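Labels run A, B, C and D following the written order; every chain starts at residue 1.
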Amino acid sequence: MSQATATLLISCPDQRGLVARIANFIDANGGNIVHADQHLDFEANRFLSRVEWQLDGFNLPRELIDPAFAAIARPLGATWQLHFSHPVPRIAIWVSKQDHCLLDLLWRHRAGELPAEIVAIVSNHPDLKPIADQFNIDYHHIAIAKDNKLEQEKAQLDLMAQYRVDLIVLAKYMQILSADHVNTFPPTINIHHSFLPAFPGAKPYHRAHKRGVKVIGATAHYVTADLDEGPIIEQDVSRVSHRDTVEDLIRKGKDLERIVLARAVRLHLQHRVLAYDNRTVVFA
Amino acid sequence: MSQATATLLISCPDQRGLVARIANFIDANGGNIVHADQHLDFEANRFLSRVEWQLDGFNLPRELIDPAFAAIARPLGATWQLHFSHPVPRIAIWVSKQDHCLLDLLWRHRAGELPAEIVAIVSNHPDLKPIADQFNIDYHHIAIAKDNKLEQEKAQLDLMAQYRVDLIVLAKYMQILSADHVNTFPPTINIHHSFLPAFPGAKPYHRAHKRGVKVIGATAHYVTADLDEGPIIEQDVSRVSHRDTVEDLIRKGKDLERIVLARAVRLHLQHRVLAYDNRTVVFA
Amino acid sequence: MSQATATLLISCPDQRGLVARIANFIDANGGNIVHADQHLDFEANRFLSRVEWQLDGFNLPRELIDPAFAAIARPLGATWQLHFSHPVPRIAIWVSKQDHCLLDLLWRHRAGELPAEIVAIVSNHPDLKPIADQFNIDYHHIAIAKDNKLEQEKAQLDLMAQYRVDLIVLAKYMQILSADHVNTFPPTINIHHSFLPAFPGAKPYHRAHKRGVKVIGATAHYVTADLDEGPIIEQDVSRVSHRDTVEDLIRKGKDLERIVLARAVRLHLQHRVLAYDNRTVVFA
Amino acid sequence: MSQATATLLISCPDQRGLVARIANFIDANGGNIVHADQHLDFEANRFLSRVEWQLDGFNLPRELIDPAFAAIARPLGATWQLHFSHPVPRIAIWVSKQDHCLLDLLWRHRAGELPAEIVAIVSNHPDLKPIADQFNIDYHHIAIAKDNKLEQEKAQLDLMAQYRVDLIVLAKYMQILSADHVNTFPPTINIHHSFLPAFPGAKPYHRAHKRGVKVIGATAHYVTADLDEGPIIEQDVSRVSHRDTVEDLIRKGKDLERIVLARAVRLHLQHRVLAYDNRTVVFA
């Protein structure tokens, strides 16, 4: 399936004939559908769909697909995204000092698991530069202090624009982004720990350990202005016991974080995630 | 979603325009699609799809849907099944002496989780009759011995025909069905233990325990002439350790068996399972 | 291992020689240890241990074991519990209207999985009486209204005393117990849903669904004055997706609840759970 | 717990007083036990135990511990291993062309998760030398062909002796070791795929995919003369569906393999695994 494909992610109020209308649009233009999935949110009366088709043999040139589809979609009150499998999206990875998520993403990228170009690594610390060097990726150290936060955020955003970044991955970037910042960003995926019950605030692993939880988790989500409360893309958990020290919990948490983040990034890069109403449909 | 729906499960060689053709058939007749999912098996060049739509507002009467769809499907070399959400399928549960899977199915049925009518319980032992009585379901004790196997199997099949059974669930029915038998049956779902590695033959839990496995599993599958080798519908596993005795393994295995079997039966009853080439697509 | 055993659960400040001292006490009196496990909480500098030995051949009569052990344990500043495998503990199950946890416990008890005597079912509703009848267990309907809560709680506690109950299992008992109540109770195990993030308050499954969580969970814990915040005994989770309706989440949640509650009750009945500092050590 | 400790792994026929005898030996010599766990295999009438104590304050010098313990253990018919937390074991990693398990082990080692010294990487291919260089570890390319297998195996063993290797980790080393080889080896841990049912022989992922399995797994085990049949240390699984291509299965399999292998190696390095009768007790 290495052939070039186009993917439409569509969301609109439900009504009769939507599947047929979308399929006909692709069929009428000579496209061969390789994946079609749809979901009805009955409560919200919302139709959500993902359709992927081969561009080989498709009669419309790339630049005309969006306007042509708009003629169908606008009357339906739809919002949609059109993506192409090539060129692959350009991603920037933001880190602080921890390397586990960064290294995992770099490996998977090298192993061909992530259809993307990693164009830059951004950090508020210099620590992980050697890893960037080793993988031949630009590393930008933008130190953030209390008194320069606004201007440094400006520098970060300029950098993202300069690199034409399509996706930011916060791979244990331990800074809170300002709301303004979030609104100007390209889509951004974050990873954070999750517990039953939740332990908001500082030192969550210490508190989860103190509480004797039997399960720890990690959640990957899109970043919104509401910290750690954006649409959830992927979650997973590990069992723990009283035998696990705080260090064990942190170690197991790191394993969860890197796997859950990598899965979420991959799903996004394959254009399988459709966010709406602070939740997601994952067409996996 | 308690409204009456129709569901098509379709399998045919892949070609351009299949999604559109099926969706148009339903749309043209006034049907509102509530679930549409499809899968391409690239290796086999096979298109597999499930479409479910509301019968309310659909212009074709039930008895004409199949012939009308045949006009579209035959030229495509398709095989298909048409199911209606009502009346619900009629199922018979076959058991031996163990009650855990039977009780679980009866409970779930009573809780509204299984859209079916349980019309009979069949057993080669009298042991579980009190449970059948308690749930007001006919219980048929058909003892099977070496010298009467063929004629008793005939009696079983007659019973299935008499009850107009749509699905047989082998809920720990510890007899091997003859190949002839299998061919005449309605679809039949079986549950059995699974291990890594496998322990075929007698006393698998004892041998898994002796081997010190760290994971045990259960597999629900359709019954084919090739014992325990039919298309897999659902599987799941549990972690075990050296602390688990053989009895613990059996106990945990029972929990797995009842949950995996119940899931598989539910998926089948919702017409979400499409078997082909000794494997399944589960549109879940 | 159906032989009668005694089990000690011990907690004391850590110091050299504890394992030897406890083992010697049992050995010197002719006991054969069948299970010995210990845990050091380094932060709290606390030693926690479970030792189980066969009573057959043990020289001390049952009633002298506790005073004899006290001579060793008191100087260590230890707290301890002494349990015998027979007679089995007497448990009362408290329910409201939902039957899934109750039925699961009754089944498992009948299947020999729960070493206990179920002496009574208590409910603030009459709905589940037929199940109690079917299993020949006393059913007490103690309706609780705003204006009679205190006196009805008194009635409940009198009932517990009358039945000489060793453990209360709240199997979806949807009433909050008053703090006074909790303090007078025998040990009490509760089951409740768990989510990442948490959704405290009403209709948690609806809110988790709305939030698009990918994992749901259940937590079994001891009841303390702080509602749903007592020491956690067992937790588990299930994956869910956007395809799951609220009803699906509730259905999967019920499966989790009954399994997690049953595991916690079994662990408690085997005297494998030692609670301290609002957490547990589970010697499993 | 960075303090130096000693660990005894003991196996002997069960008899009264074993826990006391071992604990007394340590206590009498001034040792503070930080972990003591034991297991009774009732069927085999075998007592298995792990005891770890702090060397600080212990009166016996290291070289006298083994002979001193022998005086207690020999009369019991025991076999035992004595390990020290420092110096850490020396391990060699054997690979072929796949890098996922190797890289994972190197990362975890760098992150402090594996208490060991990685002294050499051995391969029958030159491909992974750059990784070894990057981590500053000796890389030995020992090509194996049909006509030089015996002499190359000799070279491998000489190398292991030369490096004084305590543990060999086969991190996707795709060669079968000869039986002679196995007998002369230090303990060796292997990782391989696992399926329900099993797919022995070539291209297991292709065959599992063709069979439509819903779960894939990985098993880490000690290497014995009987290929892939040695004592199991750790296993885990992942869910898959018809949506997963063979490539997806292989990708998910790689994630499982690296995690399961890393866990097994860590457990071994912490002296938590006791193998007997082709099975293991994992004191985790």
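By our rule, a residue touches a chain if its C-beta (ideal position, glycine included) is under 8 Å from a C-beta of that chain, and two chains touch if they have at least 3 such contacts.
A quick note: this is a predicted structure, and the numbers were derived from the prediction, not measured.
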Which chains are in contact with both chain B and chain D?
-> A, C
Identify the chain pair with more contacting C-beta pairs: A-D or C-D.
-> C-D
If chain centres are mean C-alpha positions, then the most distant from chain A is chain C
At the interface of chain A with chain B, does the proportion of residue numbers present on both copies reach over half, so same, or stay under half, so different?
-> same
Using the average of all C-alpha atoms in each chain as its centre, how far is it in Å between chain C and chain D?
-> 37
Among the residues of chain A, pick out those that touch two or more other chains and give their numbers.
-> 1, 42, 243, 245, 284
Chain C contacts chain B in the complex at 1, 100, 103, 107, 111, 113, 134, 243, 245, 251, 254-255, 259, 284
Contact footprint of chain D on chain B as seen in their complex = 39, 41-42, 194-198, 210-215, 217, 219, 228-229, 231-237, 241-243, 245, 277-282, 284
Residues of chain A touching chain B in the complex = 1, 16-20, 23-24, 26-27, 30-38, 40, 42, 239
